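Chain IDs A, B and C follow the sequence of writing; residue 1 opens each chain.
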Amino acid sequence: MLLLILDLCGVSVFAISGGLVAVRRQLDIVGVLVLATVTGLGGGWLRDVLIGVTPPAALEDWRYLVAAIGGGLVTFWFHPALGRIERVVNVFDAFGLGLFCVAGALKAAEHGLDPLPAAILGMVTGIGGGVIRDVLAGRVPVIFTLGELYAIPAVAGSAVAATGFELGLEPATVALPAAALTAGWRLLAIRRGWTAPVPRS
Amino acid sequence: MLLLILDLCGVSVFAISGGLVAVRRQLDIVGVLVLATVTGLGGGWLRDVLIGVTPPAALEDWRYLVAAIGGGLVTFWFHPALGRIERVVNVFDAFGLGLFCVAGALKAAEHGLDPLPAAILGMVTGIGGGVIRDVLAGRVPVIFTLGELYAIPAVAGSAVAATGFELGLEPATVALPAAALTAGWRLLAIRRGWTAPVPRS
Amino acid sequence: MLLLILDLCGVSVFAISGGLVAVRRQLDIVGVLVLATVTGLGGGWLRDVLIGVTPPAALEDWRYLVAAIGGGLVTFWFHPALGRIERVVNVFDAFGLGLFCVAGALKAAEHGLDPLPAAILGMVTGIGGGVIRDVLAGRVPVIFTLGELYAIPAVAGSAVAATGFELGLEPATVALPAAALTAGWRLLAIRRGWTAPVPRS
């Protein structure tokens, strides 16, 4: 139950980030709601389609849809206020990232995938929605371009979760430290301005 | 049989709209045929992959492929004439939209999805092909940007169809009014210049 | 065993082409590795998701992931050298294209698809990774725009393989000539500067 509430909060925060991108690109209400929904749920849909769990849980379950679409509607109406507290949104986003990556990696591992593919699918769960958001908004995904540390903390927590599962640890035992690794590293990166390496030119 | 013919006509009209985008973007024949095919069939493929009906019917059945590729070839050769009658193409496109949305929502409902996800998948069936077309053509999907009323009539008809199914009505009974709602609203929107709301700035 | 090694080489070459696009677009290491991976493996993932073989073999099997990510890391570190030998990369890419198309078409045919859809899925296997790469890099897929002959040789070899399978020929018998058709035509097109037809304007 607690996990469901956390998950729905994560979906809403991701959806708000998607809606804000749409508002800034001057899209209409359809754009805001579609970008909010795919940002909130798209990563999980990608993972579920790739592991063959269809229809995806977050498409069948109306609560997930309402959390995502609700995040979009809130953004449509209250975007000036949300834009002003974007740093707060980014903090919650970091927690959502940790939650999604670990839940995604564990779900993939439970479906029989080895640690390396499970870790990749955990990362896909965490970053996939934002990548689809950026493609639909007509820009190169920001996690590829700005050097911001986002995907690397995501894959780190996913890898810890997938490895813990492989070693036979209880999912509940491994989930918290793995999610904390992702969220903590991401928060430190925001605070300290850490960036990902770029190719030498 | 009538339904199949209507469906194939809808695919061809969508394919022509995809081909015209490709021609205007000065793509080569590969671009024209690929954009025509994904515009005509991509929405149904997305829906089928999400509900786990694989391979999608419109990929297995050669008649759908021929309708889509044929629409692309016709556009490649006769695009000046087709471009001149684009308003006629848009009228047929509205009927295709109604048909696709309702058929998509009913198919999702028949596979056990609740009304909300079924309505969303109906909309995905109707608009998904055009969204993929625009992403591949390097532009933000027009249904997000121009404020044109396209997705809202699509989701309205899908919701009527999904709700009717949930209430136990015969699919044949609910399909016609639901498709008429989508197509009629869309045609009125074209005629009257109705637009979707945009976020206040 | 030989087939596996050839397949992994093809994945690595495709991954290098994806990594080079990322480097030229000044993406960071995340962009380089993601583009390398989707270019190397994305076509096969698309095919497997569409025919319902999930999780895709090239996601479950760590050797494919290592070949793709390894190609990306090599590009990240040694891109100046790789950029200088890009014509050599293009030659290997033509062989990879032939291999992927034929393997993809035969896999689709073995899963019961008719020759036309199987040929299309063979082409998707060969060109899908590059199309995803270009969309993620923010450009219209080059195979649609430059008039370069890439997709047409791809679909030709795929069609030969799918037709041969339909006629009951041994996969091993049909694979080599079909792959040679794709690779040879592609190499001749590079050498002679052949291009695909464009719509008259």
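Keep this in mind: a residue touches a chain if its C-beta (ideal position, glycine included) is under 8 Å from a C-beta of that chain, and two chains touch if they have at least 3 such contacts.
Only a predicted model underlies this, so the values are computations on that prediction, with no experimental measurement involved.
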Classify the chain contact graph as line, ring, star, complete or other. complete
Have a look at where subunit A meets subunit B and say same if over half of the interface residue numbers show up on both copies, different if under half do. different
Using mean CA coordinates as chain centres, what's the gap between subunit A and subunit B in Å? 29
Junction residues of subunit A - those touching two or more other chains: 49, 52, 135
Could you list, by residue number, the parts of subunit B that touch subunit A in their complex? 49-52, 111, 113-114, 116-117, 120-121, 131, 135, 139-141, 143-147, 150-152, 195-199, 201
Complex contacts: residues of subunit B adjacent to subunit C: 22-23, 25-32, 34-35, 45, 49, 52, 54-56, 59-60, 62, 65-66, 76, 79, 135-138
